[in-house]
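Pasting the structures in now, so scroll down.
In what follows, chain A forms one complex with chain B and a second complex with chain C.
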Partner chain A sequence: MSRNAEAALLAGAAVLAALGVSIVRAAGGDTPDAQTALTFLVVGLAFGSLHLAFRQWAPNASSYLLPLAALITAVGLVEIFRLDPRAATLQRWWLLIAAGFGIATLAVLGRFGTDLLLRYRYLFLTAALVTFMLPLLPSNWALGGVEVNGSRLWLQLRLFDTTIVRFQPAEFGKLLLVVFLASYLASRQPALVSMTRKVGPIVIPEPRQLFPLVVAWAASFIVLVYQRDLGASLLLLAVFASMLYAASGRVAYPLVGGGMFLAGTLAAAQMFDHVQRRFDAWLRPWDDFADTGFQIGQSLFALGSGSLTGSGLGLGRPDVIPSATTDFVFAAVAEETGLAGSVAIVAAYALLVAVGFGIALQARDPYRKLLAAGLTTVIGIQTILIVGGVIRLLPLTGIALPFMSYGGSALVANVIAVVVLARISHEVST
Partner chain B sequence: MSALVANLLKLAFVGLLYLFLWQMARSIGGHLVADTTSARRGKRRVGELIVVRSDTQAGSRIAVADSVVLGRSPEADALLDDPYASMFHLRLTMDGDTMSLADLGTTNGTYVNGRRVTSPVVLNAGDSVQVGKTIMEVK
Partner chain C sequence: MNTPIRRLAFVLLAVLGLIVLDLTYLQVIAGPRYRDDLRNPRLAASRSSTERGPIVSREGIVLAESTAEPGSGQTFVRSYPEGPAYAHTVGYTSLLFGNSGLERQYAGELSSDSDLTISGIIDTLLGREQGAQGIRLTLSHPLQQTAQQTLGDQTGAVVAIEPSTGEVLALYSSPSFDPGVLLGESPIAGDALAADPGVPLLNRSIDQILAPGSAFKVITAAAALESGAANPDTLYSDPLELQLPGSTAVIRNADRGPCAEGTEVALATAFRLSCNTVFGQIGIDVGAEAIGSTAEAFGFNSEIPFDLDVVPSVFPTGSLIEDPPATAQSAIGQRDVQATPLQLAMVAATVANGGVVVRPYLVSERFDRDLNILSQTNPVELRRAVSPGTAAVLAELMEAVVESGTGQAARIEGVSVGGKTGTAEIPGEAPHAWFIGFAQSEERSVAVAVVVENGGNAGQAATGGTVAAPIARAVMQAWIES
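The block that comes next holds the complex of A and B.
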């Protein structure tokens, strides 16, 4: 697909967003107004400028990444607008900021190449660890952590007693961690592959090769306990185990990692109340529908009443689901566009992940392969975890649906991830 | 807004979603398939083993093109310097992209991933091949 076709599809995404916003307005009995034009302009401007940056700094990059991201973002903006027009205004600003960060990242990578990220490996590890710990800063500092809905994930910048900006540093921590892991594992690849120890009939890696996995497990457990965040904890370990798998081709790593996580989570469910309640809401939502089961219950009602083609944008009641714009945006979309619309969204994510792994397969060295695979895994696993949580396939984990949930930090981080993927795909042919 | 218009708009939105995905999927599908087949075709037809553990040969590489016999004998294609190895111990064969291993009826046997080889087996990248105290790994 050519860059021109990419531009055409991006314009298509902007039209889709504008159409969606107009339908929401029409459902409320209003005629299309400035919101339609603004949505069209912002989606067009953000992805149009990213497109131009691609032409400038990564002309041979895969042309599939941006249109898929744009499609998902467009549907997300429409649904956020439908639920909370004020949040949609903020999200539009965030989209422009994210495009700005994306272009800046691409400009830097275009100048120095992806090798730049390889050079400062331990700087990235340190930065990742610091960003994960930042929310633990005292709340009364100018730059301090805040606890929202029982999870301490937020960092806020306050000056003169007014909150300037709030963001989730962990969103960026994930990317930094992937960059570190890619360069670390690429240099360790031969050692990870050789499995010479035997326990009975099973061949296992040298115990010391499992050490990083144990560290990751411990880190994810600390996140689970202190930041009370099952989602981030699960994501951390999943990314770690799948990158070890990508580096070694050994199924033992994800199996052992999954087993350790399961054991840790079951133990945590016994020991900590907040984990136990998550499990209860997942397994028995109707037992305590008024309280812990309310959110997931409303989500299931939304999915059910959406039926095959949905209620139509602006005509359902997704607003009754608590935090419908963030964690439960998929349920809201599923109610108003039905099974047809939600399957389309899942297909868009599947295509995005397929394109990402395609880039990983073609990348020119192990480091770039692992980086591409890791970034794709982050996007893919987040999607699986939160969509699975919303449809009650998995326990609910408070994770943003990439590109779709309301939230600035996640949007910026995801755009950066896509830009790095694009740059890797560009470097295949140089 | 009448129910008819609402239904039409609803279907138009979902229809546009699918049109967009269809456009993407069509070209991505061709792209991904083309890439994997070219990768398969372009693969080297020469396999390689690395000696991971051995008293004298650790780190050395054994290239496998067509058919290679490993053993303790100087007549073998590649030398296996291990007291437990037979004179002609095993044969490695490349057929297209697949490497297979056959034990030549030896006393002490050949172990692939810890299992003794009784009939020819296909080797995959990362498999470990053990003869006596020598361990090799398939690249």
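The block that comes next holds the complex of A and C.
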């Protein structure tokens, strides 16, 4: 597929977003207004400029990445607009900011190549750890942490008693960690593969080589405990385990990591009420429908009410689902577009994941393979965790659905992830 | 390194595939179940875009109706003109709080959405009426108002039944609420109702079981008479207190004295004066099994078939069989015996109806937009609880209670009134005051149950005869004289 086809598809995504906003307006009995034009312009401008940046700094990159991201972003913007037009306005700004960060990232990588990231391995590790800890800053500082819904994930910049901006540093921390792990694991790969020690019938690698796994487990558990965020810690562990497996080919890593995490989670469920409540809501939502089961119950009602073809944009009641623009945006889309829409969205994510792993398979060295696989895993696992949570396949974890949930930090981080993937795919053929 | 990456991709894509399968299940296969779940607020939302049929009282007074919102042909607003008087029975359909009462049970009949079921399509082709149906209730407006006024701000319930047909003439629970406040877009009023310590949302006539106290003696007497071991003239010893066998506990009468002279007393007198000592002894003599099976014949320990869900009343036969002291206390309606006002009204109705239990009902007919009657409810005899002879004796015993016993406050001049009072002791609280009974004139008859929780305004001084009987009298009179 050529860059021109990519441009055409991106224009299609902008038209889709504008059309969706018009339909929402029409469903409310209004005629299309400036919102339609603004949506078209912002989606067009953001992805159009990213497209031009691709032409400049990654001309041979896969041309599937941007259209898929644009499609999902467009659907998300429409649903956010339908639920909360004010949030949609903010999200449009965030999309422009995300495009700006994406272009800047691509410009830097285009100038120095992806090897740049390889060079400052431990800088990235330090940066990652710092970003995870940032929300623990005292909340009365100008730059301090804030607790929202019982989770301390947010960092806010306050000047003169006005909140200038709020964001979740962990969204960027994930990417920094993936970069570190890719370069670290790529250099240690032979050691990880050789299982030299025997404990009874089980062969294990040098204990020294297990060190990253222990760090991974500890880091994810610390996040779970101190920031009360089951989702982020699950995601971290899954990404660690996946990348270790990709680097070593040893199933033992994900198995042991998963087992340790399971033990940690079960212990946490005993110790912390909010984790216990998540499990109750997952396993027995109808027992305490008025309280713990309310969210997931509303989500299931939305899915069931959507049926095959949905209520139509603007004609359902996704507004009765709590957190409909963020955690439950998928349920809102599934209600209004039905199974047809929800499966299309899952298919779009599946394609994005497939393209990402395709890039990893073709990448020219272990470092790039691991980086591509890691970034793809971040996007894939987040999708699985939150969509699985919303449809009660998994316990609900408050994680943003990539490109779709309302939220600026996640959007910026995901655009950067896609841009890095694009650059890796460009470097295959250079 | 490509093999593990390929496997990793396969695992993630497989899970996404699993998600698609689960979505198919949730949205299509199990979808209708979630869509039609009564807790799904979309049900109420979708109904507000279609007209819903009216609910009217026996006399045709509108209790619930839909009116088109001015300026929009699409949205209908439900209103409840009589508000608190019918709140628990009629219920509500609220976007925020779901639905309840008959609005919930008859949601299908009341809403007009012609669906695409095969029968719906055939009906449409044949030009059959698909519009919203209305329902007419058996509830009588004067009785419902009387119940509301006489209970006042006391906590309790009133149930009135036509004994031979089972038509429920009054079903009122106090404190009540205005269902209109639940209809708005704001949850504040509804949350306040839900948090109200007086629990106004609870329908005390059918959703709550309480100790019936001496009102239960009707059933104990019925069991004694049916067993053949006793008749109204059977003499029992009249102790100051009944020493319970194998136990240090005693049963005393309400006035702490003997029932009559302190020597011997007839069953009829003991019933008229509501003597606990004698009925405790009768309980021991007749046994838990006989009392239990009589109670069950009246409807205890099973769900009463009704238009609304009714909490089953309880007589724990199994735990009493080896326990004569507990049986004695249960025979006077204390301990673990618990009943709904509807159940006790059915006991009185069954006595007035010659011993046959009739199914109670609230909805007498369904009608279409042009007021053509679509269906009518016919009375259903459920079973015989006691023989006609026993029923006649019980009626006489109950009439004596009102004539010259504890229930004289229920007397209505020129009308044959029977009843039984109950004053259920609650440890640490004022007693529940009960009256169950019936009134029969040439043309009309009615059976009632009244409970005033924790003595109402009378507090500790309350008895069934002083607090509940006057309310029952007012309600019965409203029916007999209407």
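Heads up, the rule we're going with is that the second predicted complex is superposed on the first by the 421 of 430 C-alpha atoms of A that agree within 3 Å, B and C clash if a C-alpha of one lies under 4 Å from a C-alpha of the other, contacts with A are read in each partner's own complex, and residues count from 1 in each chain.
Throughout what follows, a contact is a pair of C-beta atoms (placed from the backbone, for glycine too) under 8 Å apart; a residue touches a chain by one contact, two chains touch by 3 or more.
Computed from a predicted structure; not experimentally measured.
In the superposition on chain A, contact of A:G338 is made with both chain B and chain C. Of the two partner chains placed by the overlay, only chain C lies in contact with A:G380; chain B stays clear of it. Residue contacts after overlaying the shared chain place A:R152 against neither chain B nor chain C. When the two complexes are overlaid on their common chain A, residue A:L361 makes contact with chain B and with chain C alike.
Touch criterion not met for A:R188: it reaches neither chain B nor chain C.
Applying the stated contact rule after C-alpha superposition, one finds that A:L9 touches chain B and leaves chain C untouched.
Shared-chain residue A:V346: touches chain C; no touch with chain B. In the superposition on chain A, A:R121 contacts neither chain B nor chain C. Contacts of A:S242 after superposition on the shared chain: chain C is touched, whereas chain B is not. Common to the chain B-facing and chain C-facing surfaces of chain A are residues 248-249, 338, 347, 354, 361.
Listed in rising order, the residues of chain B touching chain A in the complex are 1, 5-7, 9-14, 16-18, 20-21, 23-25, 27-28, 31-32, 35-36, 39, 52-53, 113-115, 125-126, 128, 135, 137.
Considering their complex, residues 1, 5, 9, 12-13, 15-16, 19-20, 23, 26-27, 29, 64, 67-68, 71, 75, 193-196, 198, 201, 203, 248-250, 309-313, 315, 337-338, 340-341, 344-345, 347-348, 351, 354-355, 358, 361-362 of chain A touch chain B. Taken in their complex, chain A has these residues touching chain C: 189, 242, 245-249, 289, 297, 300-301, 303-308, 316-317, 320, 334, 338-339, 342-343, 346-347, 349-350, 353-354, 357, 360-361, 366, 369-370, 373, 376-377, 380-381, 383-384, 387-388, 391, 393. By the touch criterion stated above, chain C contacts chain A in their complex at residues 1-9, 12-13, 15-20, 22-24, 26-28, 30-35, 37, 39-42, 45.
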